[in-house]
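The same chain A turns up in both complexes below, where it pairs with chain B and then with chain C.
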Partner chain A sequence: MNRAFLIPAIVVFVFLFVIPLGQSFYWSLTDFTGYDPELSFIGLANYSTILNDPSMLAGLGFTLMFAVGTMVVVTLVAIPLAVQMNKAFFGKNFVRSLWFFPAVPSMAILGLVWSYILSPLPSGVLNTLLNRWFGVDAVSWLSDDTLARWSVVFVGVWAQAGWHAVLYLAYLQSIPHEYYEVAKIDGASPRQQFFGITLPLLTPAMVISSFLLLTNGLKVFDLPYTLTGGGPGFSTYTITQSIIVSGVSQGRYGLASALAVMFTVAVGVIGFSQLKLTSVISRRFV
Partner chain B sequence: MLLSIGMIAAAILIGVPLYYILVNSFKTQADMVTSPLGLPQEWFFGNWQDTLTDAGMYRSFANTIYVTVLGVALQLVVGAMAAYAMIISSSRTTKILGAVLLLGFIVPGQSTMIPLYRTLVGFNLVDDLNGLVVMYLGGSIFCYFLIQGYMRTLPFEVIEAARIDGASANQIFWRIVLPLIKPILVTVGVFQTMWVWNDFLLPTVFISSPQKKTVVLEVYNAVSEFTTDWPAFMTVTVVALIPMVVFFIFTQRHIVSGLLSGSVKG
Partner chain C sequence: MRRTLIVGAAGAAALALTLTACSGSDSGESDGVTTVTLLSWTGEEQMTPVIEDFEASNPDVKIEASYSPPVAEYIQTLQTRVLSGTAPDVFLIAAENKTNLIDAGSVIDLAGEPFMENIAEFNRETYGRDGAEYGLSTSSWAAGYAYNKEMLAEVGYDGIPETWDEFLEMCKKLQDAGHTPFLESVDQMPTTVSAMVGAKTAEMDPSVDDLIFSGESTFEEQWTPIVEEYNRLYTEGIVSSDVVALDGDQVRDEFANERVAIINAGPWIIGAVKEANPELDFTFGQIPGLADGAPYQAGAASPGYAINSASDEAHQEAAKTFLAYLSSPQGVEVMQAQTNDVTVTDDFEPPVDPVFEPMVEPIRSGDLYLPMISWQRSEDILNVEAVAQMQRMIQGQIEPVDVTKAMDAKLATS
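Showing the complex of A and B:
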């Protein structure tokens, strides 16, 4: 009787995960277009198409760059920020809330807001201010390949740094105060205390935070899509955008499915390595 | 003192984009071009008047509320039911099932989107708000995961006592278990609300009619509509962000605890 309570979850799991994943895998080996019910097996042809298509390769490349870029920069910003937030100062709650807030609204809307700020036109906000204060000519923030990529990463960091700082803060607060007192008596400098006590004890938090940043980064879609639309050219194209364009808009189900399968495997491998890494690290430090 | 000034300055820098859209919603186009960050030379309420009298904006709010309330409520019920069954009957089969369900936690939505799109076309659920609700049901697995973690910390004597008194499994679930797990339901609910309310991926793929747009989609489309009229777009954005600010003020504590429980266990 009690097992009946499992039925809704099983139905959700079968219809929203098992069947579609199976279909994705099956279609990835076919030339299915959605219109023609006659589909034929084409083996791994879809996979080789992906590896030769410039737009899809660009999507893979930028998605990786975004995931790794935000992971590294957010971590470098969030840890010092958390250390500062852990001290007592006037306006602490205000500071924490303001840093944290960008993680709350929709990334799509924030991407649109930043598209006005970073507009490459001379009338863009940043360009207007740079021109007025420093006499700089209009910078092509979103219309130059490299600048556009870094602009997307920058906005991603802006939106997530405070959130991850709060995560680190929780771990910082669990470090016993005596550790620092003993270190001070032994004459350790603040710098030595940070590298000798704080950083090693933050390792579990770093593992979790970087895992979240990496997996969320791989799934990124909203931000580049609303900020740059994937451009200029395909420079800020993402895997998700490729899946939607080739699958839903162009009806190339086989191709989109192959991309989805590759994506699932990539996320799975990263998730698995993360689990391994966590157990190795926690055995060392805890 | 120095730390205070430094931190407040850094935080204000982070907040500038939010100040920017708010202040420009009270400017005319010309005023905004001359001073993008200054206060309005003359407070202009035309943008607000246009936005607040736009029926499309209200409809998009109604659509989003419908999808969010129904979607999150169903996710919580499905997740809580599964967690309850898992805790009560801990046989080997249920344990294996629990481990298998976790796969749904790892698989990204993008991987299942294309086949589900085809399936929903077959059920006439594409371009339908209920279709979105069905898609968001995938989040019940995440709910299940967090709820069962919380349930393990609960005293089981209460449930045993109720069973001995002759309460049915149904009565125990709705009358005893759900009230007991209210704290985790609130935390998970807040998290899932943020996801569903803010989601752009699924509405942009599944919704095409103007009458069925969610708020985020409405704002996205406003951009192409107001290509040159930036202050008009800023106003629409501010209106869309107001509920999130209010939500943030009231749930900040839950968001932080959810962030920690979700990440610590994930």
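Showing the complex of A and C:
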């Protein structure tokens, strides 16, 4: 009887994941253009094109950099932030809201706003401030390959750190105070309390947070697209942008489907590996 | 329980009836009135007066319009509707979907229709193939250089010079006078390159694209000298490589705030610039020609109205009535009042903002070129590659010839 509760989830999973994935796999074996329903079966030709055309995988490097970069930096920022926000201080709720706010607007809007802030022109918002306060010449935030990549990662971290800090905060509040009181009686310093109690008990939250960050990072599209358009050159191009551009803009749905299938499998493997790894780590502490 | 089932069944029946009603509405023909469905990328606010005026003079045809903003969202919406068999009777054929719509046989041939006769040949050919004409395009657009008259006058010029060498010389004088001489957004194909290729191909028969796409020549052979000249802007220190991170709006804002003397631009900046800086004295000029070429401009025929080949005969006939109205002097006047486009029908003279006056004659003559719409296949594939490689060239990572070689390689594999 209890299994009946699984039916809605199974229906959603089948209709919104299994069937579209199956259809994508079917299209990936065809020359489907998105307009003409009459399509030809071309076997693995689309997969061969992807593996032999470097520009199709141009976004792979930056996609991995963004996913891993945001996962690591957000985790490093969000945990101390959550610890601070868990303390009693004046305006605590306001500060929590302030940090959470960047998670409210869409990434596309944030990208547009930050493109003005990080404009490489002397009139860019950040460059103007740096020049006025420190006399620094205009910095090529978005027009230098390396700076552009890190700028996108920075905005990604800025947008997500508060949300993940709130996630950690929820777990922090479930840690019994008695643990800290006992530790204090035993003479543990705040640093020892953090590494001996807080961090180990936050590992379940870290599993969830890092999994969400990694999977969202791997499928990122809207932020780099609106902030840099994938440029300069292909330096901030992402796999998802490649799929959308190939499919929608270029009418190569067969090719885009093949890329999507390969990417889904890769994300599945990476996500599964990450879950296994973090659960092993988690079991050592909890 | 029983009541729940009845309510559920009634709800499902109501939903089914609603859906049935919806699906039938697009082919409705009652009381002698034929309903023509339209997917417009001109906004509802601008399109409503046009539709109202049409329906007032054609009471036997009703237009049922739906709207989708250009460009990507429109292309996606239309593509989905074409594939699902729910495409409207009338929709827009544009640079981005031209090849796919024609290849899939989704649009009917309008050649020989009386309402196509007053349309400029350039516009008819843009959305045609092998003598067939698939889109009613009543206007064109062009981009050239917008310039600050005062800044140019300061260094002794009253307009954009006719040759590229003279233009670069003027830019250096502006630089010496303390101005940023020129900015051009490179998030799309640079206007300068498009215009220079256009000037070259206008003097050739067969055209540059005929040679490249027939395999008789290559981008490396035809485009490299032009890209090399364009790259002088960056190698000679006239323009900062920071332009690779700028979009058209940011360049426009720099111009409106008098932080740059010249930018690449089209008529779409006029309203925003005048609003931001009503005192700014500016106008437009053509893009200078290379040593062996004349000044030219980037541009293309605006998207054309096409008729769905899957619509039945009655709806196609009613759709033609709508297209006939759109190409008539009355229809063009009403539409032009809403969009401010430069129209190209031979029986209506469009009023144009005085600052854009220098560009009107080239537009109406069809002296326009845009690679994205002139290329004969793989348009977006080549465009994405060309833009990315030019950004790398501007950063000094590759040479001009590497840009054109990459385009050839892309064409060969697509």
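One rule holds in what follows: the second predicted complex is superposed on the first by the 229 of 286 C-alpha atoms of A that agree within 3 Å, B and C clash if a C-alpha of one lies under 4 Å from a C-alpha of the other, contacts with A are read in each partner's own complex, and residues count from 1 in each chain.
Everything below uses one rule, namely that a residue touches a chain if its C-beta (ideal position, glycine included) is under 8 Å from a C-beta of that chain, and two chains touch if they have at least 3 such contacts.
Everything quoted here is computed from the prediction, not taken from an experiment.
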{"item": "Combined model on chain A: chain C and chain B, fit or clash", "value": "clash"}
{"item": "Partner chain(s) touched by A:91 [first = chain B, second = chain C, both, neither]", "value": "first"}
{"item": "Greater residue coverage of chain A in the superposed arrangement, chain B or chain C", "value": "B"}
{"item": "First, second, both or neither for A:138, with chain B first and chain C second", "value": "second"}
{"item": "Which superposed partner A:212 touches (first chain B, second chain C, both, neither)", "value": "first"}
{"item": "Which superposed partner A:51 touches (first chain B, second chain C, both, neither)", "value": "neither"}
{"item": "Which superposed partner A:232 touches (first chain B, second chain C, both, neither)", "value": "second"}
{"item": "First (chain B), second (chain C), both or neither touched by A:170", "value": "first"}
{"item": "Which of chain B and chain C A:117 touches, first, second, both or neither", "value": "first"}
{"item": "Which of chain B and chain C A:248 touches, first, second, both or neither", "value": "both"}
{"item": "Superposed model, chain C segment overlapping chain B, candidates 79-87, 133-141 or 259-267", "value": "79-87"}
{"item": "Touching both chain B and chain C, residues of chain A", "value": "34, 115-116, 123, 248"}
{"item": "Of all residues in chain B, those that touch chain A in their complex", "value": "1, 3-4, 6-8, 10-12, 14-15, 17-18, 20-21, 33, 36-37, 77-79, 81-82, 84-86, 88-89, 94, 97, 100-101, 103-104, 106-119, 134-135, 137-138, 140-141, 144, 169, 173, 194, 197-201, 204-205, 216, 219-220, 223, 230, 233-234, 237, 240-241, 244-245, 247-248, 252, 255-256, 259-260, 263-264, 266"}
{"item": "Sites on chain C touched by chain A in the complex", "value": "72, 75-76, 79, 82-83, 96-97, 99-101, 103-106, 187, 240-247, 250, 254, 257, 259, 378, 380-381, 384-385, 387-389, 391-392, 394-395, 397, 410, 413"}
{"item": "Contact footprint of chain C on chain A as seen in their complex", "value": "33-37, 49, 53, 55, 115-116, 119-121, 123, 138, 140-145, 148, 228-234, 237, 245, 248-252"}
{"item": "Complex contact set, residues of chain A against chain B", "value": "1-6, 8-10, 12-13, 16-17, 19-21, 23-24, 27, 34, 84-85, 87, 89-92, 94-95, 97-102, 104-110, 112-117, 123, 125, 128-129, 158, 162-163, 166-167, 170, 208-209, 211-212, 215, 218-219, 221-222, 225-226, 239-240, 243-244, 247-248, 253, 256-257, 260-261, 263-264, 267-268, 271"}
